[in-house]
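There are two complexes below, and they share chain A, which is joined by chain B in the first and by chain C in the second.
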Partner chain A sequence: MNNFLQRLSGITSFAMSTLMVLVVLISLTTPFLPSNPTHAVQLHNVQTTTGRMMDPYDKTSRTAEYARLTFDVDADLSSMFNWNTKLLFTYITVDYQSSNGFNRVVVWDRIVRGKRQAKLKLRKHHNKYLLRNFAQTFEGVEGANLTLIVNPVPYLGVMYDKTMSSIPFSIPRALKAGGKK
Partner chain B sequence: MEFMAQANKKFGVRSLLVQGLTFLSVLTSAFMIWKGLSLFTNSESPVVVVLSGSMEPAYYRGDILFLHNGYSPIEIGEVVVYKVKEKPIPIVHRVLKVHNDNTSGKQFLLTKGDNNNEADDRGIYNPGQKWISRDDIIGRVRGFVPYAGMGTIWMNDYPQLKMILLGTLCVLSLFTNE
Partner chain C sequence: MALLTSMFESGRIDFKGQELVSKLATFLIVGSALAAVVVGYSQHALSLCFYTYVAGVALTYIVVLPAWPFYKRNPVKWLPRKQAVAGNNTAPALVDSPNQPTSRKTLVEDVSDDEMDN
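Showing the complex of A and B:
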């Protein structure tokens, strides 16, 4: 072991092996670190209207039914921050059964970057992303649920989701001009 | 036969051939491992490097992602790597909408990059395409290692680096013979 290249090769291979073992250990143990998040979601109101300003990518947007949700979120996610947490991707989904099958869409999301921002206290928030059915109307849509989910993104390791609160609700049909559905 | 024995004595042809064979077997084992992994994960590329900044602050350019595709339907919130038909670049984004059609068994998916505020991916799909399907997905992100792919990014950005690296390897291999 007196050749420079031999020494370099020895050091490099040892470093690589150690790094690989560390990566595997960190990836396996991070999801089991304890956390104690509190979470509560409350839905105030669902309003369905028809039509939106012409969406350049969706020609059917002018006549489709869109639902507008008003909700509150109370959550303390700061205990989900451990040494291997880069950020928390929190999002709220609406899932429902339609005549075609099962559907699930994200209606709101937020990136929580630190413990200070992890105490969510949202009052009367609306959905960030327009909520409409795959078909033109909400006809045949039933069993809707509003769910809060958190995806802790680690600095290194495995991605997983953690479902928080879930509340059922129903999506009303839009009222036509004369007040008839 | 005699000329071969003489050539071996003079130039060490046999040891050169053995070296070549070892080199080839290392190459083919690496290739076999890669293809075996592709089969196991049902993904054409089970390890990818993040090329764009559209998923910041979760993934930065140069992170390596480990993908697993499998056969199960895509679920919401998963970060997937997909390719738009006829466009060769793989894109890493999060699934925003999932609509299942039981009659055809198809899924209609909409994706969005975390860093692209309020703009879903319809701008980068093909013109007139509103959804991507399960077949467009190369894999879902199961795990990742940060910065490990910076070498690939540098090689792509500065092609001279590839030349320099190849040259250095050739020179080194010439000098480390007994």
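Showing the complex of A and C:
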């Protein structure tokens, strides 16, 4: 620390190290900040229909079973916004067990960017994304779960999923066994 | 003006001053990190946390980097110059002879702080 440049170098490196410790402490303590979100999901109806996979008017494309859900969501996620929250990624998934193993499909999502948008009130919404089994029909699929998950995206730190509500339901069949209606 | 040049041109300080610099810098930087967390969390803004920290580091630079006079209060006490004794095997004539060119100063106490770089 004898001359100006030595002091500049030493103090700057200490300041950068302290900044690094500060950032690590902020990102480690963020998941433990208190929050009490309220959440409720209600499933009204599940309808299944058949449709073509690529182009509805192209008769050479395969037909598959598509399920359409009608659901309500009531949630107040504003308490999940702390100083380190950039946005909340909320999404609804349907997961079920089939002959392929465990399947999980995201059927609806929304990015909540602030406390004003954090009060979700959805009435009779449909799924944004198509719900179709990998094997084109829902044969062999017994029970399914509808789950609301919130993923708080921080400015500093790690993203993680926080499961809110989960409702079991069953997907009705539109195609009888053998591929016939 | 002379104060400014003595603070920045090479900016040397003595050892007690360096110890003080080290303690002050540690205290100020860690303190500004704690203050940054308090300010940012209370105002619910992460950006304010880092602005406060940068302001604290800037304050530390102002306090620590220039060679303020209070860092130079304990100058190093060198031993007195040894005089030559006749009969010794040293060569005192090289140091103190009147024929020696006096423009080149080599003894520490003859050279000021800011000329030491030459």
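Convention: the second predicted complex is superposed on the first by the 156 of 181 C-alpha atoms of A that agree within 3 Å, B and C clash if a C-alpha of one lies under 4 Å from a C-alpha of the other, contacts with A are read in each partner's own complex, and residues count from 1 in each chain.
In this section, a contact is a pair of C-beta atoms (placed from the backbone, for glycine too) under 8 Å apart; a residue touches a chain by one contact, two chains touch by 3 or more.
What you see is a predicted model; the values in this text were computed from it and never measured.
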Which of chain B and chain C A:Asn84 touches, first, second, both or neither: second
Which superposed partner A:Phe14 touches (first chain B, second chain C, both, neither): second
Superposition-derived comparison: chain B or chain C, residues of chain A touched: B
Partner chain(s) touched by A:Leu22 [first = chain B, second = chain C, both, neither]: second
Touched partner set for A:Leu156, first chain B, second chain C, both or neither: both
Which superposed partner A:Tyr96 touches (first chain B, second chain C, both, neither): neither
First (chain B), second (chain C), both or neither touched by A:Phe4: second
Residues of chain A at both interfaces, chain B in one complex, chain C in the other: 155-156
Contacting residues of chain C [partner chain A, same complex]: 8, 10-13, 18, 21-22, 25-26, 29-30, 33, 36-37, 40-41, 44-46, 49, 53, 57, 60-61, 64-67
Of chain A, residues touching chain C in the complex: 1-4, 7-8, 10-11, 14-15, 18-19, 21-22, 26, 82-84, 155-156
Residues on chain A engaged by chain B in the complex (per definition of touch): 5, 23, 27, 57-58, 86-87, 89, 91, 93, 95, 98, 100-106, 111, 113, 128-129, 134, 149, 151, 153, 155-159, 161
Of all residues in chain B, those that touch chain A in their complex: 57-58, 75-77, 79, 94, 96-103, 108, 114, 118, 120, 122-123, 130, 141-146, 172, 176
